[in-house]
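Heads up, there are several structures right after this.
Okay, so subunit A shows up in both of these, paired with subunit B first and subunit C after.
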Partner chain A sequence: MHNIPRRRTFAIAAWAIGPLAAILVAHQAMAESRIAAPPNARWSAECGTCHVAYPAPLLSAQGWHRIMSQLDRHFGTDASLEPAAAAEIGAYLERYSGSSRRTAASPDSMRITETAWFVHEHGEVPSAAWRSPAVKSAANCAACHTGAEKGDFRERGIRIPR
Partner chain B sequence: MTKKSRILVWDVPTRAFHWLLALSFTGAFVTAESERYRDVHVLLGYTLLGLLAFRLVWGFAGTRHARFASFAYGPRSVLTYVKSLLARSPQHYPGHNPAGSWAIHGLLALGVLAAASGYATYNDMGGHWLEEAHEGLANAMLGLVVVHVAGVLVSSILHRENLVRSMLDGLKSGSEAEGIGRRHRLVGAALVAAVAAFWIAGPQRVTAAWSPPAQPGAANEQGAAGQRHD
Partner chain C sequence: MGGEGAVVRFLAAAAAAGLLAGAANAATPASEQRRFEAEARASAPGFGGFSAQRGEVLFKATHGGEWSCSSCHTANPLAQGRHARTGKPIAPLAPAANPERFTDPATIDKWFRRNCNDVLARACTAQEKGDVMQYLMSLK
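Then we have the complex of A and B:
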């Protein structure tokens, strides 16, 4: 009958691939890479001394409450705070806590690493990376997330140590 | 050959379903990885499932070219059709062509599976594998959408007929006898109204089990620093 002129072929490709590219870019852009919660000075000072000050949205209010209520037995350490600091930090964490079910840890856990969100986001990390001496623990965000201290968990800031 | 003219082939519900499905799928795909827009994603997933349920019914109750029976083609007719495309003398079908019909059946099936697996994942009915399956199904669906769109564009050019416009105004070229009589405007309007009502009233119901998301902004978070652990 007739051939498709080259210009039309380009037009077809553009119309088929253009929207696809737009959808994929938007899909990536919508994935939160920056954990959005305004920093709190006391939280970063008290919680950020021994480990990365874990952003509040990573755990449910319930999870934070559990952590704050047993600071004297904090993952094998006594991390007790004076009441005023504990109250302020507790309120701050609760206020910006993750509201999604996916950030809810199981009732007997208070580990961010056991939330559905964490497990899903880290599904592509090779198991060898977790055992690397430079990582030591899944709680060591900064081992791979170079901007973790600043609450920046963007994909491009990830450097998995070998 | 009979005289060809612009005839009505797609009734209003079929067209409304098509564009609402495209919109819902696009929205759901875009918000898939976002925690902040999780409720939008879930809402669109429910919309998808509702739309597909309607389409299933309309596949039996709808007008001629919307009925599944009118586009149940075997692999041989798909092959013959693709060959006719490659030979650049495409066979003309008033409704779905055989290749297109396979894309439609595939999209409907993947849509149901993706939405159902999403529902199950969201309600913790399965493990991590279910979440992976949900993603795989959604990606496969996007892939098939691209094939579908490319097919529509290629066919549009080879048939010298704007098939995208056909899905908007319902008209395609064909002989009078191949057309449909009724537009079913009322059913179409009801479908659009149901989706609109769900989008307006649904969010509270869908996310009712959650605590409201925190409202960042209102400050007063800057406490005094420097207290040490005991």
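Then we have the complex of A and C:
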């Protein structure tokens, strides 16, 4: 009776398929690198001096809160910040923190390496690799994840030093 | 016409003030050393100047704890260092090897605060900071 004009059919199709395609692409990207948070200049400058700036989704909001509340005793060193920098970075980390059960460490731990996902993902790493002088510490992501400084933790970038 | 001239003059004055403020904020190792000297004089009337030799001793010694400054910065501050715990590279500390060093007061204060606490378990005095600066500036 009423034929839908061809032009409108195209428009409807684009409306329906466009967002679906975008969701698929985003999902693929997240599944590959498992982290997705927009970078923050202060986070990368302040948290990236002594170690890789660990991406916010790797730890729960509770874990980040605990870390930020004791920066003057930060894993054996004083990493204290000016209040304005601490407030901005704390808010950024909590906003993009990992929300799943897998990013929650035990209540009195603040270590990313003790979260369920970290233990699971690193189960295949031989224990000798952890002890290698080139690795030195599990905190040293960049020893094996060659793209860690750029937030890239995909499998294809992994080179375990011998 | 006259209004336009006034706007131009205002903008020129604002730009000049901005440049002056920028110049005042740009610190150098020497200007930071003068800041520490003023602090040292204010806290100790008998201030007798800074010593590169004292600075070197302080830099290389442990002070009752596990670390010295050279644990991360190495015994040669002209060389690249390595974080004692994480292994992450640290750019050289001596200004002769790294012109970016000691050019931002907030960064300088932040790192003296953190590192003195880590190495000496207390804040450093202006005398101590000046001695270390004197040592670092003497390296070529």
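In this text, the second predicted complex is superposed on the first by the 129 of 162 C-alpha atoms of A that agree within 3 Å, B and C clash if a C-alpha of one lies under 4 Å from a C-alpha of the other, contacts with A are read in each partner's own complex, and residues count from 1 in each chain.
We take it that a contact is a pair of C-beta atoms (placed from the backbone, for glycine too) under 8 Å apart; a residue touches a chain by one contact, two chains touch by 3 or more.
This structure is a prediction, so every number in the text was calculated from the model and none was measured.
Novice: With the two structures laid over each other on chain A, which partner does A:Pro38 touch: subunit B (first), subunit C (second), both, or neither?
Specialist: In the superposition, A:Pro38 touches subunit B alone.
Novice: Return first, second, both or neither, reflecting whether A:Thr103 touches subunit B, subunit C, both chains, or no partner chain.
Specialist: first
Novice: After superposition on the shared chain, which partner residues are touched by A:Ala79: those of subunit B (first), subunit C (second), both, or neither?
Specialist: It touches subunit B and subunit C both.
Novice: Decide which partner touches more residues of subunit A, taking subunit B and subunit C as the two options.
Specialist: Looking at subunit A, the partner in contact with more of its residues is B.
Novice: Regarding the shared-chain residue A:Ala128, is it in contact with subunit B (first), subunit C (second), both, or neither?
Specialist: Neither subunit B nor subunit C is touched by A:Ala128.
Novice: Considering only touches as defined above, state whether A:Ser137 meets subunit B (first), subunit C (second), both or neither.
Specialist: Only subunit C is touched by A:Ser137; subunit B is not.
Novice: Following superposition on chain A, which residues of subunit A contact subunit B and also contact subunit C?
Specialist: Residues 49, 78-82, which sit in both footprints.
Novice: Looking at the complex, which residues from subunit A come into contact with subunit B?
Specialist: 1-4, 8, 11-12, 15-17, 19-20, 23, 26-28, 30-32, 36-42, 44-46, 49, 56-57, 61, 78-82, 84-85, 88, 92, 95-103, 116-117, 119-120, 123
Novice: Which residues of subunit B touch subunit A in their complex?
Specialist: Spelled out, the residues of subunit B in touch with subunit A are 26, 29-38, 88-90, 122, 124, 128, 131-132, 142, 145-146, 149-150, 153-154, 157-158, 209-214, 216-217, 219, 221-230.
Novice: Within their complex, state which residues of subunit A touch subunit C.
Specialist: 49-52, 72, 75-82, 136-137, 139-140, 142-143
Novice: Which part of subunit C faces subunit A closely enough to touch in the complex?
Specialist: Touch residues, subunit C against subunit A: 83, 85-88, 106, 110, 113-115, 117-118.
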